[in-house]
Each structure stands twice: as C-alpha cells, then as structure tokens.
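Given below, in the form of structure tokens, are the structures.
Heads up, the next two complexes both have chain A, just with different partners, chain B and then chain C.
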Partner chain A sequence: MKIIGLIIAVLTGALLIYGTVDFPEWADPASPASTHLSPHFIEKTMEETSVPNIVTAVLADYRGYDTMFETTVIFAAGVVCFFLLRILKKEGPRQRLYRHALTGMTIRIRDGEKRPSVLDEFERIDTMWTPYDVIIKTVCRLLIPFIQLFALYVIAHGHHSPGGGFQGGVILGASIILLAISQDLRTAIKRMSEKVDAILSPAGVFIYAGTGALCLLLGGNFLDYSALASILHVDPVTARSHGILIVEIGVGVAVMATLIWIYNNVSSAGKYDEGL
Partner chain B sequence: MPELISTIVAKYNYWIYITLMMIGLYAMIAKNNLVKKIVGMSIFQTAIILFYVSIGAKRGATIPILEHGHGSSHITHAVDYINPLPHVLMLTAIVVAVATLGVALALAVKVYNQYNTLEEDEILTQMREK
Partner chain C sequence: MSQQYPALLVVVPLLAALVICGAGWVNKRLCFPIAVAGLGVAAYSCIGLLLRVLDEGVIVYKLGGWDPPMGIAYYVDHLNGLVLVVVSVVALLNLIASKKSVAQEFPDKIGPFYALYVLMVTGLLGIVVTGDAFNLYVLLEIASLTGYGLLAMGEDRAPLAALNYLYMGTIGACFYLLGVGYLYIITGSLNMVDIARILPSLYQSKAVLGAFMICMVGVWLKMAFFPLHAWLPNAYTYASSAASSLIAPLVTKVMIYVMIRLILTVFTPEFAFNILAVSEPIVWLAVIAIVMGAILALGERNLKKMLTYIIIAEVGYMVGGAWLGNRVGMTGAILHIVNDALMTLCLFLVVGNIVHKVKGYAFEDLKGLFRKMPFTMCAFVVGALSIIGVPPTCGFFSKWYLISGAIQAGHYAFMVALLFSSLVNVVLFFRIIEIAFFEPFTDHHAHGHDHQPEPIDEAPLTMLVPLWIVAAALVIVGIYTGDIVNNIIQFAIPEGII
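Here is the complex of A and B:
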C-alpha cells in the first residue's frame, strides 16, 4: 500500500508540475486571474460601497451568496459534531478527583462511595491530567479580556484594516477555548453554556440571511444592501457599507459559537464533563 | 541554461505547493493511523490555500486596502493593489477547513469509541471477525 501510494503521489505530482509550464509567472501583473474581474473590484469598490478594504467588500457584498453559504457550512459542521458525539444520558465518571485548594492534597471518590462532609473546601479536577499552575491560570485570566476586546476591534474595524467577521469570530472563540485549556472544560461551560452555543450559532446565520431577506422586502435584490438606505436614512452607497457591517457581525457570532461548540463536543467526547 | 534558471525562478512557487499537496495525498493514502490521515488532509488543504494566495500576487503591488480611503478624489489603479479575489476565497476556506476538521475529529472519536483503536488495519481485522 505504501509503495502504491508513493507511486500515485509521485506520478500525480509530476503531471501537475508538467502542467505548471502553462501557468503565468510568479507575481505577473498580466496574469489572467488579475486582468478580468479584479481591476473592477479594485477601482470601483470605493465608489460603489465606500469600503476601503476591498477583501471585506468582495466577501460580504459582491460575493455575499458565497459567504452566506460558507457560514451555513460552518453551522452545519457544528450541528454534525453535536449529533455525532453528544451523550445526553447523565452518566458520571467512575471516579472523581478533588483537590484541596490550599494544601494541594488530592482525594479520589469512586462512584457510589460516600462523600466526605467537607467537600466545599475541595475543587474538582479532571481524572486524566490537570495542570495546576497558578502562573498559567493567572496569565490567561489577565489575557482573555484583551483578546476578546481585540476580537471586537477586528470585527468592527474590518472595513478599514485587515479583519472582519471570520477573523474576529475565530479570535473570540479562541479566547473561550483558551479558558477551557488553562482552567478546565467545566469553567468554560459555566461561562458559555451549550444552550448559548446552540442559540448563537444559528442566530448568526439568521442575521446574515435575515439581512438579505430584509433587502428583498424593501424592494431590492437578495443581499443588495443599498435597499436598506430607506430604513437606515443614509444614501445607498453608505447603506451598502453598513449592510456589510451587519452581516459581518452575523458571521462573527456564528463562527465564534460554532468553534466553541465543536471544541466542547470533541474534547470531552460529548460528555461535557471532563475534557482536555 | 539561463532560460532554465529563469523558468525555475518564475515557477518554483507552484512546485513547492505541488510538493506539499503530494505529501498530503501520500499521507492520506499510505498512513495507517486515522489521525495521521486527517493531518494529511489538512496539509493538502494548506497547499491549495497557498496556491490561491500566490495567484493573487502582483509585482510592485500592495495589500488590497485602499489608501486615501475617505474624503479625497484619489484615482485608484488596479496595478497598485494585489488581486483581492483569491484572498476572499481562501479567507472563508480556512474557517470552513477548521469546521470540517472538527467533523473529521468527531468521526475519529466515534471510531475510537467503537473499536478502541485508530489503526486502520486493526479496525479492519475487528470488522472481519464480526
């Protein structure tokens, strides 16, 4: 199998390298990809949508359908992870570990055994492995608010600098995942429960598709944000800029909730109890 | 000879991506462990992302964020900015790749729960025994 795989890979690679003979040269300004549609985007974006970041304008406005269904794909991936892995039966682990916060002493309680009466002074830890590191916990607790603030900046400032809904949503999701890694999964779920994930994930897709449907109701085409001008009380070009911001927020919400949802399901194998 | 060198200089970026892509393809075909296959899939995706981004490059151009954004009648020329379209496509592709990677890992967890192993040959033996 290994030799067959190697032969297939080498043959395909050789064929593809032979195909590059016809490719345009590296960074050629006259290459076919840069001569048809992209000059229109670069030269007309500012007057048509009033967004200096061309990537954002193309993402959310010119190619709005594509991005809407990409968001739907992400939502679908989150739902698939949920249906594949989630175990809704309440079944605790066979043993639980508790650690005394002050002395670091650890006790193990098997399922069905009597619990000591002073369990309040103990904190529950994962049975597999738990980093008990004050430095990591403290640094992450200090960092997470700034990471989240930066994520909001990336979403809100996507019109003028590199950024947008996808990037900001990923950073927001990463901040909660960092909490789950540095403390434990139960702490992260206490902050952002499964129900919140399951509501926010489709809510983001709904914001996106709802904006498109609103444009339809106001007499424009689907996802033609210039139709929003009448309710936003601005001219049609600025309305397209504002419409892009609205759908970027929807994308950010959907991406954040879905990434956390996927992480929770995969890391705890659907038990939502003890995880990575 | 100088012609050959100029061809290599003009095209070597594609060759690097093709090499990366074939490493991913080989991992997907030949590796025995399911997680290694998933890693191979990710390498394959990375090669395609790099390929698309390199298509957008233009000599002497800058990132596709317009200078003099507001409040001036500055005329923008297409040669000054790189092609934004591949960046848009890959921006969404990266996030979708992460989401599909999550699905692949979820399936791997399911397989592990069922067979207590992620090695392909051991799974096949267990399936034949049943």
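Here is the complex of A and C:
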C-alpha cells in the first residue's frame, strides 16, 4: 500500500509541475493576474471606497462577501469545538487540590468529602501545578494591557496599514489566552466567562452580516455599504469606508471570542476546570 | 423584495444560525422555531427565485453592488435554481422530521446542533448559488467544517470516521482550491463567466489541463466517487440520524452539481468533451463505481451502511451520465440530482424512525417491523421502489434518461452497469422487506416467548408526516418528470450539447 501511495503522490506532483510549464514568468508585470483586475483596484480604490489600503478595500469591500464567510468559518470552528468537546454534565474532578498561600502546604479533597470551613485561606490549584514564577506572572500582568491596546490599534488602523479585524482579533484573543497560561484557566474564565465567549462569537459575525442585511433593508444590495450613507450622514463613498470599519470591528470581536472559546474547550477537554 | 431573493436565501439562514447560537444560552426551546423560520424563508426564496428564473432567464445579483469580475456575483440559471429548491426543501423537511431524534440524542446541546445544521445548509445553498469560483471554495469550507462536526457526534466510532472524512475532505477541498489558483494565475479572474470568456484562447495550455484535472479530482473526493469513496460509509453510518439524513442526501448531490457547473460554465462542454479525451475513461470509472458500489452494498448486514454503499453507486450514475457528453445523459444526471436527493432523504428518514423506536439498524433489528411500524415501512417500500427504478416513482425516469444517453453515446458498458445495479438493488431491498415482513419481531430485552402479535408502535407524527411528504414527492416528481425536463432542465444545458 505504501508503494501505491508513493506512486500516486509522485504522479500528482508530476501533474502539478507539468501544469506550471505554461505559467507566466515569476513576477511578470504582464501576467494576466497583474493586468486583468489589479489595474482597476490600484487606480480606482481610493475614489470608489476612500480607503488608502487597497488590500483592505479588496478584502472587506470588493470581496467582502468572502470575508464574511471566512469569519463564519472561524465561528463554525468554535461551535464545532464546543459541540464536540464540552461536557455539560456536572461532574467534578475526583479530587481538588488546595494550596495554603503563606505556608505552601497543599491539601487534597476528594470528591464528595466534606470541605473544611477554613478553606478561604487556601487557593485552588491544578493537578499539574508548578510553583508560580513571579517574573512570568508580573511580566504577563504588565504586558497584557499593552497587547490589548495594540490589538485595538491594529483593528482600527486596518484602513491605512497592514492589519484589520482578523489580526487584531487574534491579538486580543491571545492576550486572554496568555492570562490563562501564566495564571490558570479559572482566572481567565473569571475575566471572560464561557457565556460571554459563546455570545460574542456569533455576535461578531452578526455585526458583519447584520451590516450587510442593513444595506439590503436600506435599498442597496447585500453588503453594499454605500446604502448606509443615509443613516451615517456622509456621502456614499465615505459610507463605504465607514462600513469597512464596522465590519472589521465585527470580525475582531468574532475572532477574539472564538479563539478564547476554542482554547477553553480544548485545553480543559471540555470540563472548564483545569487548563494547561 | 423579490429582487433580493438570491441574497436572502443565504443571508437569512446565516443570521438564523447566529441567533440560534445565542438563543441556546437563553432558552433551548427557542432554537428549533428559529431554525425552521430561517430555513423556511430560505426555501421560500429559493422557490420564488426558480419561478423568476423560469420567467426572466438568468438572474445576476451583484454582492456589495460591485460589477463582476471586480466583486462577487451570483448567477442563477435553471440549473442552480432547481438544485437550490431541492437543497432547501430537503433540509427543511429533514429539520422538522428530526426534531424528536435531536431532542433524544443531544438533550443538552440542542443550540449548537441547530446552529451547525443551519450553517451547513447555508454553506450548501451558497455553493449552489454562487457564480464565483473562489466564493464557492469559501462556502465549501463552511459546509465541510460543519459537516465534520455534525458527523463526529454519534456512536462511539463516529469521531474516528469523521476524522477520516476530515482528512479526505480537506485534501479534496485543497485540490479544488489549487485548481482555482491555477486558473487565477493564467486568467487573472475568479468569476466563472469571466474565466469561461478568457479560457478559449488558452485551451491548449497545460496549465488549464492541470487546473481541470485537479479541480475534478478534488470534487470527486468530496462526492466519494468510487476509488476515492473510502471515507463515506463509516462517516455516514455512525453519525446521529438527524445529521446523516441531512448530509447523505445533500452533500454528494451538491458536489455533483459543482462538477456539472465546472463542466458547463467554467471549462465549457467544448473543452471538457471535445478537446480533452477524458470522457471515455471517466465513464468507465463510473461503470466501476456503480458495479463496486452495488457489490459492496450486497456484502452489508446493516441497513444504514448498505444505504451508504448505494449512495456510492448513485454517485457513479450521475458522474457517468454527466460525462456521456450528450444531452440525454446530462438531463439524466441533473434529474437524478433531484431524484436521488429525495430518495436518499426518504430512506434515511426511515432509518431515523427505526433508530428512534428500535435503537438499531442491523438487519436483525428489522424483524417484524411491518407489523410494528407499518407507516414507516410503507414509505420505505416507496423509497426502495424508487431506488430500484420502478415506474411511476421518479427513480425510473432518471434511470431511463441515463440509459437512453448511454445507448445514444454507444457506451453499452454504462448501460449494463445501470441495469446490473438495478438488479442488485432489487435483491438488496427485497431481502430487507422479507426480513421486516415475514420474520417475527424479537425484543432483545423481553424474556420468554409469547406469540402475541406485536402491537403497533409507530414513530411520532412529526417524524411520519415529513417522511410521507417525501414519499409522496417521489411519486409526484416521477409523474411530472416531463414538465421538469421540458421547462427547467432543458434550459439548464447549453445548446452546444446535442
């Protein structure tokens, strides 16, 4: 079987290479990809959408419909992870570990045993707990606000520089995941609960698709942001630019919430109790 | 609002899926009505759109208001108008029919289940309606991703089977994407009509050949065409009834549609049938697919798995019919998309009802079912007759077109394969009918033998009524085949194919 597989792989590779023989030269300015549509985008983007970053304009406006579904793909991945992994039955771990913060003493309480009343001097720790590192904890605590600020900048500045909703959303999500890694999963869930993730994730996509549907209700085609001009009180071209910003925010929210949601489900195997 | 039907039929289910996901956290009972409403609007838009297409011809819808090929456009003609109606109606009927079994199988995950269900239908509808080769890939991703999730939730072996499907499906989708990439490099466009306009001067290019073959192989992987079918039986068998009766009728059929769309619109029949000399070998592959599907189905002692092998044989019917290269064969293939979706839905709904009541689908579990579940089994007989191809059920007519096409093309092996598969289907289904009709019901849990006749213990009405609608549709579509072919399918096939 391995030999058959190898032969098929080689044949497929050969076919692919054979197909490239008639490709245009590498970076040829006269290639069809550079002459067919690109001139239009390069020349007209500014006057049609008033967005200086052509990539953003193509991504979120000319082909904004694809981008909406790319966001939906991420949302779908989040839902699938939740659907397959989450264990909703309330069954606690067989044992919980508590650590006395001052002395470092650890006690173990099996499931069903009576909990001592003085437990509030203890903190709950994971089974695979390693002693806290002050440096890591402090650095992460210092960095996270700046990471989040930078994420907001990336989302907002997608019009002018590389960036946008996907990248900004990933950075935002990563900041919360960093919290979960540097402290523990329960701390992160205290900041962003499961329900918040699960509602923000579709809400972000809803901002995108809802903006498109709003255009439709205002008399334009789906995702034709220029129809928003009447409620934004700007001219149609500027309305396109604003429309892009609105959907980028939607993308950012969806990507952030979905990443955290996926991380929570995967790292705790659906139990939301002990993370990595 | 009728101007906006092409957008509504995708956007409304998408919004519904998002709302369901949120509503699941508020009140689980809200999920089902929202799903029905979303798919109901989609089905209404699809039917309205088909009626408009019948009146006005091809409808172009520009998303974002941008002219193609700058932006993305929907092209709705008779071909995808028809397939859209089939997809949306099948999904809606199955949604209603499976309400009880969903509540039984995933009591605490109703919200995410319905969200994925509606999202999957959104993806399938989007694949069918789009006129943009890359947009098709994006929607394909949505339909596949949600499909993997839905299939992975089921019996113990379901996750492994779904993982297998995920590998194969991802490779298939990547192949399609690679093919689109090739096309983009040499034409600079992603719009199907625009590509077809540019391609004729490039027909001799090796890159077009490469793109064509990669796209085809990718699509075949997704539709489980014979040598590439290995993922399908287990993935469909071990999934929950609600998921398998959505995915089994629709996904393979939608991928057949994609193949026909690639032949007819993107690469044009001139290129596919005349310039390339591949139609003959592909029909031979289809012959092998039909024969192997039939033989593998014979070896199964398990109703659901047997049906999955029948799907593989049916895929062979449609691929072969489309590649015969003549008008009659293509008509048969397109008609069979409609019929096979309905037939497969009918049989999988029957399996769903049986699982709901008997908790099993092996042949031993079927004993005495005609007495226990007479209404379900009557629908099963109608579905079985249609798969076999007995008039006046619709299966007969599409098979008739396929066989006439084979004779016209002089491809007698394909004709023989179709007849062979029909004969095998007779054996398959009469074997089941025999078990279910003559052998007494045995309850594995009851002790002792009393020879009292088993009382009727039917599935609930919400499952029976949609099943009966589908069974009736099999006969009605069969009777109106002439109208469907003359008014819709005839216009779906370009003049060039004789």
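What we mean here is this: the second predicted complex is superposed on the first by the 254 of 276 C-alpha atoms of A that agree within 3 Å, B and C clash if a C-alpha of one lies under 4 Å from a C-alpha of the other, contacts with A are read in each partner's own complex, and residues count from 1 in each chain.
To be clear about the criterion, a residue touches a chain if its C-beta (ideal position, glycine included) is under 8 Å from a C-beta of that chain, and two chains touch if they have at least 3 such contacts.
Bear in mind the structure is a predicted one, so any value in this text is a computation, not a measurement.
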{"item": "Clash or fit (per the criteria above) of chain B with chain C on chain A", "value": "fit"}
{"item": "Which superposed partner A:258 touches (first chain B, second chain C, both, neither)", "value": "first"}
{"item": "Contacts of A:80 with chain B and chain C, given as first, second, both or neither", "value": "both"}
{"item": "Which of chain B and chain C A:109 touches, first, second, both or neither", "value": "neither"}
{"item": "A:144 touches, of chain B and chain C: first, second, both or neither?", "value": "neither"}
{"item": "Partner chain in contact with A:52 - chain B first, chain C second, else both or neither", "value": "first"}
{"item": "Partner chain(s) touched by A:18 [first = chain B, second = chain C, both, neither]", "value": "second"}
{"item": "Which of chain B and chain C A:37 touches, first, second, both or neither", "value": "both"}
{"item": "Contacts of A:209 with chain B and chain C, given as first, second, both or neither", "value": "second"}
{"item": "Contacts of A:156 with chain B and chain C, given as first, second, both or neither", "value": "neither"}
{"item": "Nearest Cα pair across chain B and chain C, whole Å", "value": "6"}
{"item": "Contact residues common to both interfaces of chain A (with chain B and with chain C)", "value": "16, 20-21, 23, 31, 33-34, 37-38, 41, 63, 66, 70, 73, 77, 80, 84"}
{"item": "Chain C partner contacts - residues on chain A that touch it in the complex", "value": "15-16, 18-24, 31-38, 40-41, 61-66, 69-70, 72-73, 75-77, 79-80, 82-84, 86, 88-89, 195, 198-199, 201-203, 205-206, 209-210, 212-213, 216, 220-226"}
{"item": "Interface residues, chain A side, partner chain B - complex", "value": "1-2, 4-6, 8-10, 12-13, 16-17, 20-21, 23, 25-29, 31, 33-34, 37-39, 41-43, 45-46, 50, 52-55, 58-59, 63, 66-67, 70, 73-74, 77-78, 80-81, 84-85, 160-162, 164, 166-167, 169-170, 255, 258-259, 262-263, 265-266, 269-270"}
{"item": "In the complex, chain C residues that touch chain A", "value": "4, 7-8, 11, 14-15, 17-19, 21-22, 25, 61-66, 69-72, 108-109, 112-113, 115-116, 119, 122, 126, 134-135, 138-139, 141-142, 145-146, 148-149, 152-153, 159, 178, 182, 184-189, 198, 205-211, 213-214"}
{"item": "Contacting residues of chain B [partner chain A, same complex]", "value": "9-15, 18-19, 21-23, 25-26, 29-30, 54-61, 63-66, 69-70, 76-89, 91-92, 94-96, 98-100, 102-103, 105-107, 109-110, 113"}
